[in-house]
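In the part that follows, the structures are each spelled out as structure tokens.
In what comes next, chain A is part of two complexes: it sits with chain B in the first one and with chain C in the second one.
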Partner chain A sequence: MSLANTVYNAIVKRNSVFVPTIFVGAFAFSIGFDVGITKFWDTWNKGKQWKDIRDKYVEQA
Partner chain B sequence: MLARLPAGALKNVAALRSASFNGARNIPRVRFASTSSSSSSSSAFEFLTGSRAALATATVLSVGSVAWYANLYGTLPFIGEVHANSPAEEGLHPPHYPWSHSGWLDTFDHASIRRGYQVYREVCAACHSLDRIAWRNLVGVSHTVDEVKAMAEEVEYEDGPNDQGEMFMRPGKLSDYMPAPYPNEEAARASNGGALPPDLSLIVKARHGGADYIFSLLTGYRDPPAGFEIRDGMNYNPYFPGNAISMARVLFDGLVEYEDGTPATTSQMAKDVVTFLNWAAEPEHDERKKNGLKAVILFTTLWAISIYVKRFKWSVIKSRKIVYTPPADKP
Partner chain C sequence: MAAVQLAKKAVTVPPTVRTLASGVPVAPLIDLKVRAPAGHGHEHGHGHAPRSDLPARWATKVSRSSSLGLYNKSYTAAPVTGVFQKSLMHTSAVARDAPQVPDFSKYQAKDESRNRGLAYFMIGSLGLLSASVAKSTVTEFLATMSASADVLAMARVEVDLAAIPEGKNVIIKWRGKPVFIRHRTQDEIEEARNTDWKSLRDPESDEQRTKKPEWLVMLGVCTHLGCVPIGEAGDYGGWFCPCHGSHYDISGRIRKGPAPLNLEVPQYDINEADGKLVIG
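Showing the complex of A and B:
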């Protein structure tokens, strides 16, 4: 209950805080989610993607 | 349908029935509502058999609908059939192969795409076009941009008109599409004994069995079984519908030399070129699966939240108790 009260007082009470919190939270979540999925994706498909074999073919400039 | 029958058809059927059911003529066919039997189904049956016109109509209707269905779809459901030809003659169903990209979360093996492009360029491209793939599509998929530029420049493309109004030839650019082996379909047919080598851009999507089928086709050439007549210029392949295919076997061990040292066996080349063609048909494949994973996670979470919120909001309504207090009698 005290946690809910703290959250309410810190974030929800004022709209000027509430709306920016939602926007920033959505932005941070989308980046974090994307980074997490990409990390899992690259582990799962290790050695198969172009970025894994690119080093063999790109010419050193 | 009934209107097209000759007028005497139903009468003839009725006469036939009366002739064969002569012994049963004594059964009264007319029943009144008050004397109908207790079971409704038997009375319906008796109604049908009692009136010759109704019996003939029902027979004609059922025979006609069965014949109509058989005419439309060729076969009847739940009735076994015997065929003189074997399933092989309609093309064997290919087995499922464990492609490196067949899982829900698996991307293409891009090293295989690169080898497959080499096989396509050195072998398939002699007859098959790849209309919908441009040079730029290879960049960042199987080749670096410098490699693709160098490959494109080896091909001459017609461009123009210039300021004199004339068309001219120029080396290829990244935005050019893959060069076709023949200028038009007629030239392709004339060079291949009347058979048109299909464009390979979407071939994996365009064939039943997809990648499995094309791999089986490429590796499935063999001698025809005894008694199988095959015309000159045709080749036997059990996976091809009809079993006689104009394309001869093209992949033989050691046909190409892979730059990464992979042994170029027939099946290795077939696997690589099919992976390449699968990429050509679905270039969005890797990104699609990645976005699918994200969508499943997000929508599952949102669905769970929505279920929780619904139960939370409805808990008051679901658990309320309505009490009726009757008005007290006024004295």
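Showing the complex of A and C:
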């Protein structure tokens, strides 16, 4: 049985599985998207954000 | 001397079509053995059949001549002129509406289940994206209703307790309102605790109103009409409201005057290690 058939039978065949899979996937996707975009933002603005230059101005335990 | 003159002449003989008086079309020179060209979408999966109406490859040849340029000569079985039967029935090949229909077999799905899997994958992906867009739309909209960062930053106030000597009042601003902080002396604590608080207008013990007995923290807003009381004044050694003459004692409880309630105690925490008071 091909991969397409395996996936179809496991997920798509019952709507009661398909819809929750979509919701769980959406949850995971939004977290992953958020993390990815934040990481990209931090690399893009490296050295410009307060958390990068904080050590220069705040010295305390 | 008779010389044989070989003359070559290219002639195209179209089938003659005419209409009888009865309206029946007559095409006497048409080769009725010709079939409709194959390859019009009816042979998916088994390629093209050779066209039966084209002359065989060996019968055709392309030549060049100085006068004609490139020309093509075909030897075909020309219809016999002379004896032919008139076919009165209309049996010529059907003229198609769109004789040039392309071959779509290349675009047909090779594998049913892969095709189905891909279709449902696309459906699921679109659902996934829409769900996450809907979720973030709702959460972002709700987030606009919550307090912004500057408001949250203003909502907390830190006070260094070491800077307040015993027996002194400090008034600070917190959320737009004055807050009284009094470093009470031992006498004042005893006075506040020994009062018969059950008989007061708003009965509250001093233990309920303070977290540490020497620090009294309360909102400096008179519970009557919202004036700011004056410290170290009044008949009870506490606060006195100049607007309508309410007297508060050294624990901030209403003792005399029109105010109905004791001075309100805000949420606060005393950080003993740093000697800091955090209000809010």
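Here, the second predicted complex is superposed on the first by the 53 of 61 C-alpha atoms of A that agree within 3 Å, B and C clash if a C-alpha of one lies under 4 Å from a C-alpha of the other, contacts with A are read in each partner's own complex, and residues count from 1 in each chain.
Just so it is clear, a contact is a pair of C-beta atoms (placed from the backbone, for glycine too) under 8 Å apart; a residue touches a chain by one contact, two chains touch by 3 or more.
Bear in mind the structure is a predicted one, so any value in this text is a computation, not a measurement.
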item	value
Touching partner for A:Val35 - first (chain B), second (chain C), both, neither	neither
First (chain B), second (chain C), both or neither touched by A:Ala10	neither
First, second, both or neither for A:Ile53, with chain B first and chain C second	first
Partner chain in contact with A:Ser2 - chain B first, chain C second, else both or neither	second
Which superposed partner A:Phe23 touches (first chain B, second chain C, both, neither)	second
Touching both chain C and chain B, counted on chain A across the two superposed complexes	33
Residues of chain A that touch chain C when the two form their complex	2-5, 7-8, 11-12, 18-19, 21-23, 25-27, 29-30, 33
In the complex, chain B residues that touch chain A	100, 105-111, 114, 140-144, 146-147, 260, 286, 290, 293-294, 297-298
Interfacial residue positions of chain C with respect to chain A in the complex	111, 113-114, 116-118, 120-121, 124, 127-129, 131-132, 135-136
Complex contacts: residues of chain A adjacent to chain B	33-34, 37-38, 41, 44-45, 48-50, 52-54, 56-59
